[in-house]
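Sharing a structure with you now.
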Amino acid sequence: MPYVNIKITREGATTEQKSALIKGATQLLVDVLGKNPATTVVVIDEVDTDNWGIGGESVTKLRKAVK
Amino acid sequence: MPYVNIKITREGATTEQKSALIKGATQLLVDVLGKNPATTVVVIDEVDTDNWGIGGESVTKLRKAVK
Amino acid sequence: MPYVNIKITREGATTEQKSALIKGATQLLVDVLGKNPATTVVVIDEVDTDNWGIGGESVTKLRKAVK
Amino acid sequence: MPYVNIKITREGATTEQKSALIKGATQLLVDVLGKNPATTVVVIDEVDTDNWGIGGESVTKLRKAVK
Amino acid sequence: MPYVNIKITREGATTEQKSALIKGATQLLVDVLGKNPATTVVVIDEVDTDNWGIGGESVTKLRKAVK
Amino acid sequence: MPYVNIKITREGATTEQKSALIKGATQLLVDVLGKNPATTVVVIDEVDTDNWGIGGESVTKLRKAVK
């Protein structure tokens, strides 16, 4: 019955990668806590890089600074 | 003062249906706990079916499997 | 498959009231969007009044001001 | 190491305004609790006005009523 | 830089199990998306069984019904 | 009408510090976006250090390693 929410920046994760996150997170709850996968929910939020900050700067600015 | 977050898959919920969710969730808090509706907030998140998983599979795949 | 999160201040909601919130929120999703109740999840968070603010003040202070 | 999530209605917040929210929220955690800004994460969610309700009505309807 | 939130019912998960969830969720983001583990945050919420519902019933009631 | 959620580790934040977070986050939304403070909600979650991970380790372990 667990609920897992994964937030990542929106930078081109593919459908296959998102499927792998869903499968992997569900399996993790099965392996560690013996949870029932049938009622384990995973929700992925993709967030624009303008809307995600770390160290006081948006990821958009951080990406530019690294180039 | 309650805050209610409703997450559903993005599959064509209409403006009227979303209004009904807002009205119904607010009324629920009034009826059960006597909360003040004026400061009750409801936020609806619509999530792409690629980004929602249950049973280790994305809803996109589950919908296809059922067809 | 919806997920509903209800946040309220921790001020003595009873087990019966919390059951009523779970039942009512689940029924709302059934009535409005035809969702399957069997996979509808409701999570209630009870938050200390020191940790909830509105209008820039904690609920603890607002409650005292009203007395 | 704090995590801050700011939810606002999607009504034209600019990139500069969102940068100011990120910077300000990060600084708040530094000033009040002495947290390390380098690992402070801020995520801004912009929510459609149809999907945000207060007082049992969507913000879309409330905006129209005010006009 | 991802943020992962895992919500489970409060039913005796040990410190070791919670460490395994943190390690596993972080590794999943590294493996699938090449994310930097150093800035990957995992937060586990343990929720009372009275406060978690599925199928319109609290987990507390569901556990009793199964006995 | 914004909603701000601040998650911090549970490590002794005082009532005064939490009041300062509520006041500061509310003022930030007023200053940057001209939001109405009367309907701005701030919720602070304090999370046990066993339940918060970064870099694949719980904060409990990280704190011990630093000593």
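For reference, chains read A, B, C, D, E and F in written order, and residue numbers begin at 1 within each chain.
Methods note: contacts are C-beta pairs under 8 Å (C-beta built on N, C-alpha and C of every residue); 3 or more make two chains touch, one makes a residue touch a chain.
Here is each chain with its UniProt name: A, B, C, D, E, F = Tautomerase.
Everything quoted here is computed from the prediction, not taken from an experiment.
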item	value
Shortest walk length in steps over touching chains, subunit A through to subunit F	2
Lowest number of touching-chain links that must be crossed from subunit B to subunit C	1
Proportion of interface numbers common to subunit E and subunit F (over half same, under half different)	different
Contact-richer chain pair [A-C vs B-D]	B-D
Furthest chain, CA centroid comparison against subunit C	A
Chain pair repeating B-C, as identified from D-E, D-F or A-B when over half of the contact pairs by residue number coincide	D-F
Chain whose average C-alpha position is farthest from subunit B's own	F
Centre-of-Cα separation between subunit E and subunit A, whole angstrom	14
Approximate Å spacing (C-alpha centroids) for the pair subunit C, subunit F	20
Junction residues of subunit E - those touching two or more other chains	1, 3, 7, 21, 25, 39, 41, 43, 52, 54
Set of all touching chain pairs, with the criterion as stated earlier	A-B, A-C, A-D, A-E, B-C, B-D, B-F, C-E, C-F, D-E, D-F, E-F
Of subunit F, residues touching subunit D in the complex	1-9, 13, 17, 20-21, 24-25, 28-29, 31-33, 35, 39, 52, 54, 59
Subunit B contact footprint on subunit D (complex, rising order)	7, 47, 50-58, 60-61
Interface residues, subunit A side, partner subunit C - complex	1, 3, 39, 41, 43
Parts of subunit B lying in touch with subunit D, wherever the complex brings them together	15, 18-19, 22-23, 25-27, 37-46
